[in-house]
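So, here's a batch of structures to check.
Look for subunit A in each of the two complexes below; its partner is subunit B in the first and subunit C in the second.
Presenting the complex of A and B:
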């Protein structure tokens, strides 16, 4: 007897219910896989964004806030810091290098970063990798701009093209610096960090485009052309933050304390690694809750499958009776239902995995444009593989319950059903 | 008949268990009788009392107290010779007073240059402390600063340079939270002031990190 053929025919007979059960299981599996993928990739992305920087200097705000806006370009700076304070603090003999950062402008939704060429030398990511030029070179002149990889790719910019920066960091702006266009002189290699979504100009370029701005708006009638601006003093007056590297890491705390106690201006210095660890600690409750909910959804899905099979057993009593009459031993009835449940489990798993890849593809565009986080399409990690195995085994075992019910029913029923 | 497969399963399990017991009994039964000489060879070894050996295991890493990292001569009297404490009216100084700031800056300058004990160099030590992560990847920490008390990175005065250890963990360790201290075991290297860095400091390349 080709039991497999009989079992598959039986399933095809109930294909609507079967498909719905399959989807229920697939959605529950795809949920936990996607949640875990987003969770793990976000953590990795955030951790890989900055490396080798001992301190970040900025206005006195929350430590997490400073980390997010200076490095991840999420959120807004509460205040800028004075150039004089920056110079005084970084002239300290314990400081090995310092890279100033000036934020506040954008271009078609991508953030503009005013900095020095030291940025390309000292900014590291992913445990020690440096920024590399893909095409062209770093900025030299006041109106040069270096694009991050994604900016160049999404907006289709080539070397030598001119672009106009906008004031503010919204997706569009009603105040453009159109009298002072910038030309693209370099494009960076992709890094998988917010650097890819940024445009980099010199601090002098940042000063030049705001030269006729006071208190946040353009002075009407005070038209200074790009050529005129080049003749003026373009030393920055304020910057937003600075990345600092110490000669000896042991001196980190002392320097941090000095910055925190600085009297001339409200400043603070954070240790990026420690601040990230604080962030993960805060997020761990949310993470555990999300995972617990996803696990509950899977349990719900499995119980739902068991319910569907159990509920359908009544209609299949005649089918079971016929099978018994054909010589199928009573114990095989149990096996039949265990295999059916297992089949739901296996195909639910495969379909769920495919659905998960679909969700990730959709989410990854969103995550990249909103947060600069890159979602990977890797195979599931070890924990998730255990979850999937457990799910598969449980689906087989769950089949025992309807199996036993059908077994007992088939013993009491003959070919003529007593209803 | 209906439940015979269950009974069969039970019998199989019982047989399997009993078979195991019988196999453990077998070696004794199959031993042939031995001559006295052969039996002597099988007698347990007599302990050798001629050369006394220590039976206490010497731990590979020596547990170290934070106090041990400070040279003995670095006492308050020494500090008094470095800062002109007479110039301050310490009893009446308030927290926000610029004079208090000046004293604090003097103290900090001293603490930055706190001396280290070069004799500790290359010793394998085990020291407990709190972790301030530097290089972090998700929950895995690759390098951190080890400090004697929690809060050293937030708002309390930071410890002097000889009470901070820079630790590197090659394959990283799973970091749970900053409130829990850990034991760091590994060889300690001491950078004295004469080095290129010009800053003294203790470094450990950790062999293992354990929860406290």
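Presenting the complex of A and C:
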């Protein structure tokens, strides 16, 4: 039977209050950990999604908008690029490679990307990693589709399976391209980027399924079978965006200006890194205020704990008087309360960390399906470790306040028991 | 040898107030049983606080086991109290979150000398606690029970066991029988006096009930000072 035992038994005697206080602290600490985890992982995920691409070419719109829809599959394109303009611009000497992207269709909520096999060659993520095929091969025929890892996993598709793409985006699409099914020829390795959530087909495939469509509507009575479509000219008329790699970085700005000044069509080119930095800058206020609120919640939690201990002191006068009569030094009364506060702090921290992992586990599914962002269960970063240490130390320090009050109380009360 | 010596003691709770408590001289010899009585407001509890060294006199001295407690620091007074005094309150003596046995063992936690005494006389602390609980007629099935399971009389007897464990030199009792019925009072008084005699402890017993005087060697009356 030591001091820790006495402190914990005394707490157990007040278990309802103690548990509620513990939860208050745990929730406050789990909140800041989870907010920070989402913040850090979102940033990392965004930064890792695209690598090696010098410019993104698209119709004139907000630079953020272009970045979000072309790379992160968030939002929709407002306009397209003419295929002729694309060809003309990318013929430029300074351009090392260009990968066209055509968006707008989906399959069970997953977005379809029309592109060329160059996509598998030039698209890079996470500091220069290229896409790799996990099973099968890249698309060769018009009606071949290569699935992102998560699409295959979540929908349970195998190689050789047939699937039908839907026109438009969203889970409940208005119209299915059911006259022209695609067969799965390849599945990509997981990347932790929106690629995992995408289906990849050739630009010709994209043209083929839209051959009896004009301006987003199916032409009534015009039925063209898959076989017939293959005989027709499937050269795309428009694309949504293009990823461009330059021969040398220095030419990036020059080419960017050229695109922005292009006369035939209102186009723009953005530097992904710079636009991402713009995004972070925009987000930083929200980020900072979320962290500030979380920090305030922690302070509130600690103050609440102090209030609970202080409020309990009056009812514990008898306990203190008994301890004093037994010869317990007044300084040990302070220790008892510091131990109690520290116990709240430590168990609140542990429970809070557990709660944080629980939140992450719940949120990661949602974040994955909504934004393609994977939340990690990594250890908290250095800043959060400091926050946690600060929390623990202050919880002990806060115990000094009721400790001193109990000390004074025990001196004036002496051994006189008050009921 | 005297366990307690009080000389020219004066104490008042607030400055300027007429002295609440004045004791020109009071001595308690080793093994002597002293009955202190007086009506409410005469400072019975204050006297016990002074003897225990929880509060200090305004003037005069108190000696406990030869040490002048009024001139040493608080930590040492706490130590002397732990080593030499077994204390019994009026009621609600026990910590509700510890078992009966753990409550009785508490004094040994604060005093090494009482722990050594207990181990010397009964081999181990636990056996000492069990011995005293048996002496005070606490059935052994209650030893590990929570406090709430005990009657008031049983609680007071457990408190007595706690005061006696480790053979302190002084037992201080602050109206311990006021919550007991007549049968229990006699039972409690007999056991307390007998068991204190066994360990040769002095008793300072405070009560407003003069009928209890018959159990004691010596009595002392507190009066409001004019």
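We adopt the following convention: the second predicted complex is superposed on the first by the 412 of 419 C-alpha atoms of A that agree within 3 Å, B and C clash if a C-alpha of one lies under 4 Å from a C-alpha of the other, contacts with A are read in each partner's own complex, and residues count from 1 in each chain.
Please note the rule applied: contacts are C-beta pairs under 8 Å (C-beta built on N, C-alpha and C of every residue); 3 or more make two chains touch, one makes a residue touch a chain.
The model shown is predicted, which means the values in this text are computed figures rather than measured ones.
Once chain A of one complex is fitted onto chain A of the other, the partner contacts of A:271 are limited to subunit B, with no touch recorded for subunit C.
When the two structures are aligned on the shared chain, A:10 is found in touch with subunit C, with no touch to subunit B. Contacts of A:331 after superposition: both subunit B and subunit C are touched.
By the touch criterion defined above, A:87 reaches neither subunit B nor subunit C.
By the touch criterion stated above, A:44 is placed in contact with subunit B alone, subunit C being left untouched. By the document's definition of touching, of the two partners only subunit C reaches A:322; subunit B does not. For subunit A, the partner touching the most residues, choosing from subunit B and subunit C, is B.
Comparing the two complexes, residues 330-331, 411 of subunit A contact subunit B in one case and subunit C in the other. Within the complex formed with subunit C, the subunit A residues making contact are 1, 6, 9-10, 12-13, 318-319, 321-331, 411, 414-417, 419.
Considering their complex, residues 45, 48-49, 52, 54-55, 74-75, 78-79, 81-83, 85, 87, 89-98, 102, 105-107, 109-111, 174 of subunit C touch subunit A.
Of all residues in subunit B, only 2, 5, 101, 104, 108, 111-112, 132-139, 141-142, 144-145, 147, 152-153, 155, 157-159, 161, 164, 166, 175, 177-178, 191, 197-202 touch subunit A in the complex they form.
Looking at the complex, you find that subunit A touches subunit B at residues 40, 43-44, 47-48, 51-52, 54, 94, 127, 247-254, 256-258, 260-261, 263, 271, 273-274, 276-278, 280-281, 330-331, 411.
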